[in-house]
Amino acid sequence: MDQLPILIIVFPLFTAFALTLLGWFRPAVCQPLTVVGLLGSSLSAIATLAQVVNSGPISYHLGGWAPPFGIEYRVDALNAMVLMMVSSVALLVAVYARKPVQKELGGKISNFYTLFILLVTGLLGITITGDAFNLYVLLEIAALTSYALIALGRGRAYMATFNYVILGTVGACFYLLGVGFLLIKTGTLNMVDIGSIVPSLSGSRAILVAFAFLMMGCWLKMALFPFHGWLPNAYTNAPTAVSCLVAPLMTKVSVYVMLRIMFTMYSVDWVFSVITWKPLVMALAVIAILMGSCFALAQRNIKRMLTYLIVAEIGYMVGGAWLGNASGYIGASYHILADGLMTVCLFMVVGSIVYKRGRAHIEDFKGAFSTMPWTMGAFILGALSMIGVPPTCGFFSKWYLLSGAYQSGDYAFGVALLLSSLINAVLFIRIVETAFFSATSDEEPDPHSHQETCYADSPPSMLLPLWASALALLAMGLYSSEIVTRWIQPVIPGGLL
Amino acid sequence: MAWVEVHYNYLLVIILLMTGLWAMIGKNNLIKKCIGMCIFQNAIIMFYISMGAKKGATIPILKHVPGAHGHGPESYISDPTIYANPLTQILMLTAIVVGVATLGMALTLVQKIYREYGTCEEDEILNCMSEEQDHELPLQDELKA
Amino acid sequence: MKALSLLLALFVGFLLIGVLDDLPAWGDAKSPANSYVSAYYLKNSMEQTHVPNVVTAVLADYRGFDTMFETGVVFVAVIGIMAILRRDPKEEDSETGDRPPHAPPEGFILGVATRFIVPFMQMFALYVIAHGHHSPGGGFQGGVILGASLILMAMTGELESALDRMREKWFIVLVAGGFLLYAGVGLGCMFFGGNFLDYSALAPLLGGDPKAAAIMARYHGMLWVEIGVAFTVMSSMFAIFAYLSSDGRMDRGL
Amino acid sequence: MTQAVTSFTPVAIVLISALAVIPISLSGRKPNLREFWTFLAGFMKLALLYTLLDPVMHGIRVEWELCQVLPGLSLQFRVDSFGLLFAFVACTLWIPTSLYCIGYMRGLNEHAQTRFFACFALALSATAGVAFAGNLLTLYVFYEILSLSTFPLVAHHQDSEARTGGRKYLTYLLGTSIGFVLPAMIITYQMTGTLEFSSLGIFSDVTKPGSLLVLLLLFLFGFAKSGLMPFHSWLPGAMVAPTPVSALLHAVAVVKVGVFCNLRVITGVFGIELLSDTSLDNVICVIAGITVILSSLIALTQDNLKRRLAFSTVGQLSYIILGAGLAESYGVKGAMLHICMHAFGKITLFMCAGAIFVATGKKYISQMVGLGRRMPFTFGAFLIGSLSVIGLPPAGGFISKWLLLTGTIESGHWYMMLVLLGSSLLNAAYFFPIIYQAFFGTAKEEDAVAIQEAPLACTLPLCFTALASIVLFFFPEPFFSLATLAVGG
């Protein structure tokens, strides 16, 4: 059935209308409606992925017009994979968000779910579109919805969101400027079309400046090192359900956009031989990894610590993409999936702790193993994946990134990866220690007394998605060679050796 | 001077870009940041429109062949050089609408910040927040009811 | 912070000046931007969509998907601002003190003048929407004029009088309804077998010789879409004004 | 070449104790039922192992592939004689230790016993996983699972002392495994394209000796569980754990896994010939020698009985690595045998330490004057255990020490013989005072009358293991032939 690609967008879009209209009268219906919409979207995403893997890339012409003149949806294995990740993570968070939203955003439930599903539509649109300008419009939709969602938090959220708005707009306008320069030199907006024209003008400076602006736009959106100022404040002050949704998806989709720009609009030999940016970008990635991990060490608030870890993970992906060899590319694209799952799992755990104990500072984890065993069980899986312990998927993305770094001789990047894994190990051991050791009270627990462990774990509607993502981490780890050979291998751009 | 005469539209765009960018990041007052944002977006809109302009071209609405009144495609002049470039104008329609939406959102946030801290100056807000941080009660955090 | 931003702005400026002479000259008709895709639109839009105003043709048909998400941006802005600002008027507010006491509308002349002008504005807006195919205009421009007429009423009279004519519930339904109309037409084309937003698939609705019906289906499809856009833009302009001016309480304007 | 057959038994062995975790944690309310599950799993594991003994003795390699995890690399089990030897040691000793655990935990009325037994079973399945690992990746997977599943055991007391011990335990083990083994594995995979163990070693002779040295050091210090000198201090730190944990884990399972991995790397990844050609074996011998001497000296100064035993374990482990480092068939055979002999000897000593603590509450050697007469069985077993560890004739340790000594002469590292003899003397120096003091010293009055033997559930297993180490001297049959097969094969 060739209408699959557009179904991914139509399902959440029409749910958004239903939510606005119905939500006004009966807010209770919003959450199930969102889950149904996202279910439809993720099923069609999975079907698209299956179709793409079996029979090669799909090209869907919007409005019936052929590509350079109309807008085209170009779906190959890479963006089908990211589509599946985005829609399934959003589905998990939609199921998870029921209780925290009721508790934190009592009055604005229908608004929240409308913005929630429009953000997912925006992200899905960014991932699937094959047209440079359409990507800008969807970037703006995703950005606006995330501004509104984050601003739903209280007090300090407004100032954090205002900074996010300013830097987000600067990023989007840089992207628009880049597309403008491309339009001036190539005359077309379709990514693949641009890709075919760029090699012939590789000498011109306008193409170089266009690449500079596109990259600056992407890096601002994904919060790479020098441009990461807005991310920690914005994601920490956002309500729990919002940070569970925004943290795993926004930055990963921007990394995907960077990959799309580097390897579809431009070509491998343009990025790695015509311009000599590789050392600069590798340096940025290394600094991002080290800075993110060290700042995470210094945090008391676990949610803020996780946001700094996101900044470090971005360093992984950018470094992987700019290594310039096949296993670096595999590592980067595999890490988009792995990191999405890891971040959603850890943020859901923090969300459950905030839901149960009001706050997520490190002291609030005290005695969590005894009172919230299931949540902490999933936390251990997520932590293991973040550290890079084998059976989970975090290990395999580190494996590819490290072998890529070894092959291309970027030892600084390799050492940064190992150092950040060790720092992650220290971070999570510290939390496991607090959770494992002292009972909920502060004084020294008498080891021999059988303190009855009051079982006060979070409700099943929060535990099920949490465990689904934790087990998905394991499954992705075990089937990683399947993912790499069947999905990523055929998509590796030609020039990468 | 011939060089300026040929590229003066890009020069204007660059000047507007620089002022907009500087105002957005450098200015202290939040409203001035929003104004800077508008200047920045309008500069890019001007860049696109100036890219699509042609010397001596009219608006891209097809004109009748002189004397013909039918509605078929043959009775309209469709030579591209006499009409301005429609594509860039459409893209900029979208950019204007996006500009309005972002400005609306930014002003809403400024209003909320003003309601929260009583001032629009960024430095005053920051030390308000840092004061708040110091005497923060142990449990009073992002979930203060 | 100031010096850093100055530095950054200057850097971006010099980066751009460095590239100036590589860009095509001002007004040059042969530049790549004006020759490749846009030349195709100018040559073929009349024969493919029968719409003389090429801007509307490309806006609503060739790149119709872009415009749909553009209305999406407007829709998102309204929902976002509503989510942030809106609160029930009854909620006691610590700073009620500083809001100006309810000022009765000052001038009588202003009231009479607005009541006289507004109907003509709205008539002109409908003309702009309907006549978008042949003359400059279309959904956005018409919608903005309609929105302006409502805002004019709100500013000169009182927000309450404007709200009486356009209750909050109504403009939220209209915002969603316009966007739904646009996406609904797109979905309709899918039911008739075409791709999303492929109006020529609606030809069977018009009947007659299929080739001509396909072109006229595009013509009318665009009109429907423009109406959807007009609804959304109108109610969103008014909604943003209403929320901002009444600080989310939707009772008294500034 | 040995013909390979695929069968599910190795996976069954690994999974039995892992699956046993579920009934154990479910039957938390009824302790006796819970203990029954542990014993059931232990005996089934042993039975399955016997079924594997026969094919392996005839040189058939049993293989099983779980799933392809990386292109050209899969989670794969391959049982060869060396792996079987180690699995035998771990599984046979699990049963007496479980009995000992019941006696100890109930004797001291410890809390959270269900979690204790569940983690114990999980640790054993990880140990079996390491034993049967077919390639370096599977070995690394189970190595990590073992470190994580033993953390709740080490930090069982949940007090501040346990916290520091647990923190040091995890940071050392996780830090070195991620910091050193991961890059080493990746570099080897890049260089050779495979991580399978093969008796001739997988490095083609073109690789530069410099990078080989770096890789060797990364592996040796990466597997920090083998307690080589700079990375050994987690072992004494882990003595905060209850004694059955230090008995089975820090004498048998955890530390032996570290040594087993190093031996696998030395024999399977580098290969003995390559080591002797590039004279890397001297590097191993020097590192191991230093660790042996230093740890034996430190053990002399320790007053806490468990810390003294811990440092003696560090020394004994380096015997095994030293044996492998000789890069000569006798040395390697001696090393493999020493794994088994030392396991039986050291577990007896730790059980005695635990029994003394349960019966008298004494931890420090200076307090244990004249207890021998009151607790004859415990101190008798302690005597036999220390004989085995020192390597004197009636106990099994003598055979492995003998092979190690012949190995040093055969391979020409005669100075290593001095190290071995010297450290044996040091072993005697820190064991015999305890025994002498216990039997011939005069106990203080209140000790003389109040003390009597630890509960039966504690003394029975330690007598069993003491007897076993004596029997092994006369009849070392399954282990000896397995070791000869491993070296010869």
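The letters A, B, C and D name the chains in turn, as written, and every chain counts its residues from 1.
The rule we apply is simple: a contact is a pair of C-beta atoms (placed from the backbone, for glycine too) under 8 Å apart; a residue touches a chain by one contact, two chains touch by 3 or more.
None of these values were measured; they are calculated from a predicted model.
**Q** Does the complex stay in one piece without chain A, or which separate groups appear?
**A** B, C | D
**Q** Which chain has its Cα centroid closest to the overall Cα centroid?
**A** A
**Q** Given the two chain pairs A-C and A-B, which is bridged by the higher number of C-beta pairs in contact?
**A** When the contacts at A-C and A-B are counted, A-C has more.
**Q** From the C-alpha centre of chain A to that of chain C, how far is it in Å?
**A** The computed centroid separation for chain A versus chain C comes out at 31 Å.
**Q** Take the average of all CA coordinates in chain C, do the same for chain D, and state the distance between these two points in whole angstrom.
**A** Spacing between the chain centres: roughly 74 Å.
**Q** If you average the CA atoms of chain A and of chain B, how many Å lie between those two points?
**A** Here the centre of chain B sits 28 Å away from the centre of chain A.
**Q** Could you put a whole-Å number on the gap between the CA centroids of chain B and chain C?
**A** Chain centres of chain B and chain C, defined by C-alpha means, are spaced 15 Å apart.
**Q** Provide the list of chain B residues touching at least two other chains, using ranges where the numbers run on.
**A** 17, 21, 24-25, 51, 87-88, 91, 94, 98, 101-102, 105, 108-109, 112
**Q** Two or more other chains touching the same residue: where does that happen in chain A?
**A** 133, 137, 140, 144, 147-148, 151, 183-184 - these are the residues of chain A that touch more than one other chain.
**Q** Could you list the positions in chain C whose residues touch two or more of the other chains?
**A** 16, 23, 31, 33-35, 37-38, 41, 63, 66, 70, 73, 76-77, 80-81, 84
**Q** Name the graph shape formed by the protein chains and their touching pairs; answer line, ring, star, complete or other.
**A** Drawn as a graph, the chains match no named shape, so other.
**Q** If we use the touch criterion from the header, which chain pairs count as touching?
**A** Contacting pairs: A-B, A-C, A-D, B-C.
**Q** In their shared complex, at which residues does chain A touch chain C?
**A** Answer in residue numbers: 3, 6, 10, 13-14, 17, 20-21, 24, 60-65, 68-71, 107-108, 111-112, 114-115, 118, 121, 125, 131, 133-134, 137-138, 140-141, 144-145, 147-149, 151-152, 181, 183-189, 204-206, 208-209, 212.
**Q** Can you tell me which positions in chain B touch chain A when the two form their complex?
**A** That would be residues 17, 21, 24-25, 30, 33, 37, 40-41, 44, 47-48, 51, 87-88, 91, 94-95, 98, 101-102, 105-106, 108-110, 112-113, 116-117, 125-126, 129, 132, 139, 141-144 of chain B.
**Q** Under the touch definition given earlier, write down the residues of chain C that touch chain A in their complex.
**A** 15-16, 18-19, 22-24, 31-38, 40-41, 61-66, 69-70, 72-73, 75-77, 79-84, 86-88, 169, 172-173, 175-176, 179-180, 183, 187, 190, 194-201
**Q** Could you please specify the touching residues of chain A with respect to chain D in the complex?
**A** 380, 384, 387-391, 396, 398-399, 402-403, 406-407, 414, 418, 421-422, 425-426, 429, 433, 436-438, 444-445, 447-450, 477-482, 484-485
**Q** Going by the contact rule at the top, pick out the chain B residues touching chain C in the complex.
**A** Chain B residues touching chain C: 3, 6-11, 13-15, 17-19, 21-22, 24-26, 50-57, 59-62, 71, 73, 76, 78-81, 83, 85-91, 93-94, 97-98, 100-102, 104-105, 107-109, 111-112, 115.
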